[in-house]
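Okay, so chain A shows up in both of these, paired with chain B first and chain C after.
The block that comes next holds the complex of A and B.
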């Protein structure tokens, strides 16, 4: 059987889904001007809350809601820090990552007596979430570029003062899209949990950061970001199959080499929202 | 006056305790910490068992003879090693995990009268016993089970990283499978590396890839990453999995239906044995190997089937639905393999 089989493309789609969901979330918040490097922690929190709720209630649907809710709450936390209290966006996001990592070890141990791992818990078919993800991404492409709300979102990230003058509440808009980013990260975490059937502390494993890379490659647009995420997933799935022919040390490098090459090629060309990462201070006289 | 009497009693009791020279165990766990249901928990059981025996012997509580710490990072190791050694009251200090060895090599010479044990690595110092295991033996036995069980004639192994430790697992496993099933060639053993010890998502994809490529049983030697092998095996009733170091049908009970067997590395036994040797005065420094063909002659094996046959083939919590005749056949083959390894008629090549 050759390397280029149907299973390769299916495996790539599974690997791409969490990356694409994070990329979509990050597209929203960065379009509004908020950098969020806390995506890794938000996805991990989503996976953990999904595991906890699924374990105790036995309901994967409730678990999904919990994952999205916890992700959104962390998004709100990040927004309060970075938008309202004007903390450095990167520092605030990194704080979320550290907070969740520590909390995950603590909670798994308190609840199950295991360090960083949960027992198996009831899951839903992860393919449902793959479908939901693709649908949301397609919808977002239209939302951001073809609707008045999308226009407002983009203005807030490009020129918040103009938006403010036009009567758009900059703070509330940034809060809303950062919360949305958190919710989508929670959804990514829920996918990871449902795909494996248990929580482990390393299950996000850099997919959040690669999601940010996919967003940059996609140039802050949802559909191209999806394609970029699929490319990352595809190379990961491909390297497993290449291990048959080349040493694993080399094949395992491929996804990272690709990330470096693609980012180096795209970073210069990406149209970064002008007010990205800059706190907005309302007219003070 | 009353206070003086109290003080007197306290001093007397202290002297009494001191005079009895109660042994004390210090345990420095690896960064994984308690609750990993593997290495660290096993080490703890070994030390706890020794502590309970000593506590009963000297009629004290286990707390008086046993202290342990859980370092949060590699950077904590040195401080803990020195803290225990400086106290001067520990009969033996047990350090868990290969990453403690280079630090212990620096620390141990500063405390020449202190006995140290390091598990799973070699630290060259005059007062350290370095415990190593013949990992390839447990891998060989897992290979035997895989070779006997496969219907497709292809078996897989998922390693954490392509490093000597894991290559020894792969080598043992490959030879075991080929020994048990002459139809299997080296090309029929699929080998994949996750590149991480804690990435079960990728571990599952890798396992699915091997299953889809025709392997129907996969041996996981990738830490938490190979939890993904178990999850993948659940997706098809014809797929099986093998675990590492502890009976994983016990440590991952939800997957007991697909985990047919697990290789065993008796870290608990090694920790217990070294502590008791130090207490009895038979302890010695240097490299000490545990396993079938080793200094100690015990310490590796396999958990398979419903019965404990000998020191090497023990009962498993596995709930895999295998026909009785097949279980008997595999057990017979395992006994043959153990006898062969012990007698030297089977030589497992490894790096």
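The block that comes next holds the complex of A and C.
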């Protein structure tokens, strides 16, 4: 088989997992109308809190809960700012990224005395999280398109006024799914920590943004987004073997270029939720 | 005065952010007075420290201008980082490949930087205007493409790998370099060019029909369209100018600070520009102050680190907090108005 060995397909699955989790989270919040570019920071915060809790308690399970909790809290912060205070979604998300990057470098120095890295800490088998990810994605595909809750979620992102009229609380729905997005980013961060066994500040390294890319390429649907994430993970795994033939920088560019092509509509129109990024203002009675 | 009204909430946000920064400092066991003393000394303590602040402020000024000119047209340029890298590389290329007399050489290098950035702004601008592609995603994605591209250009095996020990180009010719002000400090004419450009951007936005059109498109594209303004052209122009400004910032880094292109030279100046543009309330002259503030935080943070009183990254924590609070007060006012029921059903 040469370059294309079974090993390659397996490592692609691992590399795809954090991307797919972020893509799933972003699918939820954007379906509800909230853009979240803070996914990068939320995943980093998840990885860091996972490392801290695992290091001090020795319990990977507690660490996992901490990662999800921190991710969800940052999701809540972003939701309060963008949904209730009507701050611009992109700005608020970018602020989350800056804040977390600063905190990560600061806290690693404070706790371990090393800038941006942690010593190794107890981990769980990362394959468990791969399985959890695939399960959540399959479940979400059904949830979003085959259940009344999923319908409500989509209406809030497409036509908040109609949702409001039908008695759906637009603000609370957006808050809930943005928190869920944060929690899934935290889970992605937890995977990254458990995969490596320690924290480094570059461990997310654009995978949050590639997650958004996978969501766009998957056209806001969980299963196609998983396939896109797998494609990106595959390219990532392949570039290490192809370095002799193609400079790695060019394979690393692929997800980004593909996203631009998809957004440009050259591969069929992306179906962006109509109220995406727009604040909803309840009518005054 | 209108601008004092603008200034108070921003000053409040900065004070609030510094306050929380102080709490974080205290909670993590560092001395608050020592940290803040070093922060101020490191940023403004003497001529050398002031030069450090302004050196850091230079690229941030350009990326802030880049963000705000797009913002004025209702667009988000999240990709200033990549435009900065392209500008830095292509001005370096002009700096070591061309043979020109001193001042002309510098100007040509700046133009190379501006054009490289402008091209990288044109692509998302065109995609937005003609294909409806979200510019905040495309600028962000193209930013990574640019960073990887420049990284390949100077990597071992790449065409411009100039030195054995590091991924960087060879030095640019002396004729292309910006003169520096103080021996031993990297501060160069880049800051002067930056301030000049800030005034030009101000003039363009507020004193020319072109700027009026850009702002009209940003305020209300539908109304602008009815008023006979070509919205698509203005959207493209806004991102071309945004790209050019970030590209110029990269050129200033090459010509003044590093005198060559270095892989990964930017610690996130492109992202700082978002903060700078917002702190300046998208005003080009305000961007000068915002850039100095952010430069001071970076330079001060390094001094805090050197003095051993706390890690430098405390400054980035404070910076992130500033942005959160800067976008909040306006919205609090907004909500108050909303509660009084003065606001209609409009979507801004």
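The rule is short, and it goes like this: the second predicted complex is superposed on the first by the 258 of 285 C-alpha atoms of A that agree within 3 Å, B and C clash if a C-alpha of one lies under 4 Å from a C-alpha of the other, contacts with A are read in each partner's own complex, and residues count from 1 in each chain.
Everything below uses one rule, namely that contacts are C-beta pairs under 8 Å (C-beta built on N, C-alpha and C of every residue); 3 or more make two chains touch, one makes a residue touch a chain.
This structure is a prediction, so every number in the text was calculated from the model and none was measured.
Once chain A of one complex is fitted onto chain A of the other, the partner contacts of A:227 are absent, as it touches neither chain B nor chain C.
When the two structures are aligned on the shared chain, A:209 is found in touch with chain C, with no touch to chain B. For chain A, the partner with contacts to more residues, out of chain B and chain C, is C. By the touch criterion defined above, A:240 reaches chain B but does not reach chain C. Judged by the touch definition given at the top, the superposed model places A:119 against chain B, while chain C stays out of reach. In the superposition on chain A, A:65 makes contact with neither chain B nor chain C. Contact with both chain B and chain C is seen for A:249 once the two complexes are overlaid on the shared chain. Looking at the shared chain after the overlay, A:109 reaches both chain B and chain C. Of the two partner chains placed by the overlay, only chain C lies in contact with A:87; chain B stays clear of it.
Within chain A, the residues touched by chain B in the first complex and by chain C in the second are 109, 115, 247, 249, 252. Interface of chain A with chain C (complex): residues 35, 37, 81, 85-88, 90-92, 94-103, 105-107, 109-110, 115, 206, 209, 212-213, 216, 247, 249-250, 252-253, 256-257, 259-260, 263-265, 272, 278-279, 281, 283-284.
Note for the complex: chain B touches chain A at residues 32-37, 162, 190-193, 195-202, 204-206, 208-209, 212-213, 224-225, 227-228, 231, 234, 252-255.
The touching residues of chain C, counted against chain A in their complex, run 24, 28-29, 76, 78, 123, 127, 131-134, 136-138, 140-142, 144-145, 148-149, 151-152, 155, 157-158, 268, 271, 274-275, 278, 311, 313-321, 323-324, 327-328, 331-332, 334-335, 338, 341, 343, 345-348. Within the complex formed with chain B, the chain A residues making contact are 1, 5, 7, 11, 14-15, 108-109, 113-117, 119-120, 192, 195-198, 200-203, 205, 207, 236-237, 240-241, 243-244, 247-249, 252.
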